[in-house]
Amino acid sequence: MTADLFGADPGPEVDPGQLLLVLDGFEGPLDVLLVLGRDQKVDLTRISILALADQYLAFIDEARELRLELAADYLVMAAWLAYLKSRLLIPEPEDEEPSGEDMAAALAFQLQRLEAMKTAAQALFARPRLGQDVFARGAPEDIDIRRKSVYEVTLYDLLRAYGDHRKRQEGGVLRIQPVRLYSLEDAVRRLSDLLGHMPDWATLASFLPAEEGSLLTRSAMAAHFAATLELAKAGQVELRQDSAFAPIFLRRATRDGSD
Amino acid sequence: MTEDVTSADEVRQGKLRLLEALLFASADPLDEETLAGRIGPEVGALLERLRADYAPRGVHLVRTGAGWAFRTAADLAPILRQEEEVSKKLSRAAIETLAIIAYHQPVTRAEIEAIRGVVTSKGTLDILMEHGWIRPGRRRETPGRPLTWITTDHFLDHFGLESLRDLPSVEDLRAAGLLDSRPVLLGLGASQDDAPTPGAADSQDE
Amino acid sequence: MTEDVTSADEVRQGKLRLLEALLFASADPLDEETLAGRIGPEVGALLERLRADYAPRGVHLVRTGAGWAFRTAADLAPILRQEEEVSKKLSRAAIETLAIIAYHQPVTRAEIEAIRGVVTSKGTLDILMEHGWIRPGRRRETPGRPLTWITTDHFLDHFGLESLRDLPSVEDLRAAGLLDSRPVLLGLGASQDDAPTPGAADSQDE
């Protein structure tokens, strides 16, 4: 049984770089670990957790190098695996904590359990399904011998109705997600850094970060404009605009104040 | 020689079974031409064979204007139809009212109206009561002593609930995706913060 | 004497025909209790007789969950198959979640999340419920009294299962200890907090 479940298809060899390309396809860090685990080509009961931890940490490092945004739970898993690794490598202290071996066994169990459920899901959906492989009477006759349910209302209908109702009621309560905006402080810091590399007049637009998202771009524009005013006040930059609505130019202030 | 016969029989048997399944699963009568396309030219003989097979049974294979179909035997109609009832769809207002009574009971009609924000028509509570899902509870000891409404045991039975405590809470509904009150802030760029895992968005609700 | 025997046979035959017609008329499974109300206490034996009668045919009488229904024979599936509409394709999360509920039921959302290692996104439980495959079960009598989820009879009907014991490999998985739904590790998915008992983990969600 175990062999059937876990040994059948080790899957293609995956290196962390390839994994990153399909990061969106993963259902969380445990899913990633399972794919990495299959890569060891042994059944999951004999998997090397130490090697798995190394693979996962390499995967996270690579993601960070590529500046991919990783959800917090990926990083929590990385921290946990780094801890597990240290517990496995150093001699066990005599205390109440679970041993590294126990933690490794628990992780191995969790991977087996997830794998078992994935296999079970496949087996379930491989069965002949009603309305697709097996069919009910196509032309049922209007004879309902179950007197008690004249009305076709399911629990789903009832809960959906209440959910919809609550949704309308809660319409007034906004939960606004945090919005990423460019702050003035960020812009000042950024402009100060960049100005060192700009010997001559340059347009303000050329200083704007090349990031996606219209709102972020617009807030960056506003923040950088305000930052130039701050820096001009502090005597660190000079500003020039040739006419109304024309591009704004700036350069580092020359020390003697001429020009 | 004998083997050939057996195999020809088997082929015939297989076709008969397929014909039977097709006729059973079809919502409309199937005409011979359509069936011949799936079964072969011998479909006429097979249909007659099937008709004969079913003749003594409670289900008959009948030829209607458009084609062939299985129907319950005509002689059983009086017994079958004895308790015929047409199932009806309950109105949205009635479902919502029932849901509010279930979640807020005991609740007066005025309270139901306050919660729903619309006037409850007399017929709505009548339908729910006629069906045995709700019944009057105790009178509220407030001026006017209004009647309250509560759900019945039949309500629990119909919806497969063991007790009212097993009704999912608002938090359960939200977690199950049946109540999503997060407004979509179009153009605010909030989606950039969405993590790669679909779950991350949900966690903000917990 | 002979007449008596014949007449008893006739009564039995009549009941068999009525049973057949009732089951044939309905697209949904009919439970034995309901059928017994129409046919009599011998309905169990008659159902077995009917099942045997239809066993070689293209339409089978199958028992599923609490009820009985006529269905096209499973071995004809390759010929009858209709591809699922693309829009109805389920997400991987929904498919895995359904398997977890089927094998671990009754199971709380926190337990599902501990097994999958991710939080449950919207469009998972609600979709499964909309398909009529799952429903809320009893609340777990642990702190926070979390709601559990269980599969429905329609789930069994849809996947052609007579009972939950017929789930693929269920006994092997149980013997291997893999149907333990405890959260196991810190730092994995939903059970990030220290959770010595399953109940404690659930209580975070409620």
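Should a chain be cited, it is by its letter among A, B and C, assigned in written order, with residues numbered from 1 in that chain.
Here is the rule we use: contacts are C-beta pairs under 8 Å (C-beta built on N, C-alpha and C of every residue); 3 or more make two chains touch, one makes a residue touch a chain.
Treat the numbers as computed from the prediction; the structure is a model and nothing was measured.
When chain centres are taken as C-alpha averages, the shortest distance to the whole-protein C-alpha average belongs to C. Greatest centre-to-centre distance from subunit C is found for A, with centres as Cα means. As a whole-number value, the distance joining the C-alpha centres of subunit A and subunit B reads 38 Å. Each chain gets a centre from the mean of its Cα atoms; for subunit A and subunit C, those two points are 35 Å apart.
Centre-to-centre, using mean CA coordinates, subunit B is 16 Å away from subunit C.
Chain contacts: subunit B has residues 21, 24-25, 70, 72, 80, 160-161, 168, 176, 178, 180, 197, 199-200 touching two or more partner chains.
Contact with two or more other chains is made by residues 27-28, 73, 135-137, 141, 143-145, 154-155, 159 of subunit A. Touching subunit A in their complex are the following residues of subunit B: 21, 24-28, 69-72, 80-81, 83-90, 92, 95-96, 98-100, 102-103, 115-116, 131, 154, 157-161, 168, 170, 173, 176, 178-183, 185, 187-190, 192-193, 195-197, 199-200, 204-205. On the subunit B side of its complex with subunit C, the touching residues are 16-22, 24-25, 57-59, 70, 72-73, 76, 79-80, 160-163, 165-169, 171-172, 175-178, 180, 197-203, 206. If you check the complex, the residues on subunit A that touch subunit C are 1-2, 5, 27-31, 73, 76-77, 79-80, 103, 106-107, 109-110, 112-114, 116-121, 123-125, 127-137, 140-141, 143-146, 154-156, 159.
By the touch criterion stated above, subunit A contacts subunit B in their complex at residues 23-24, 26-28, 69-73, 135-139, 141-145, 147-155, 157-167, 169-171, 173-180, 212-216. Across the complex, subunit B is touched by residues 16-22, 24-25, 56-59, 70, 72-73, 76, 79-80, 93, 109, 118-127, 129, 135-139, 145, 147, 152, 204-206 of subunit C.
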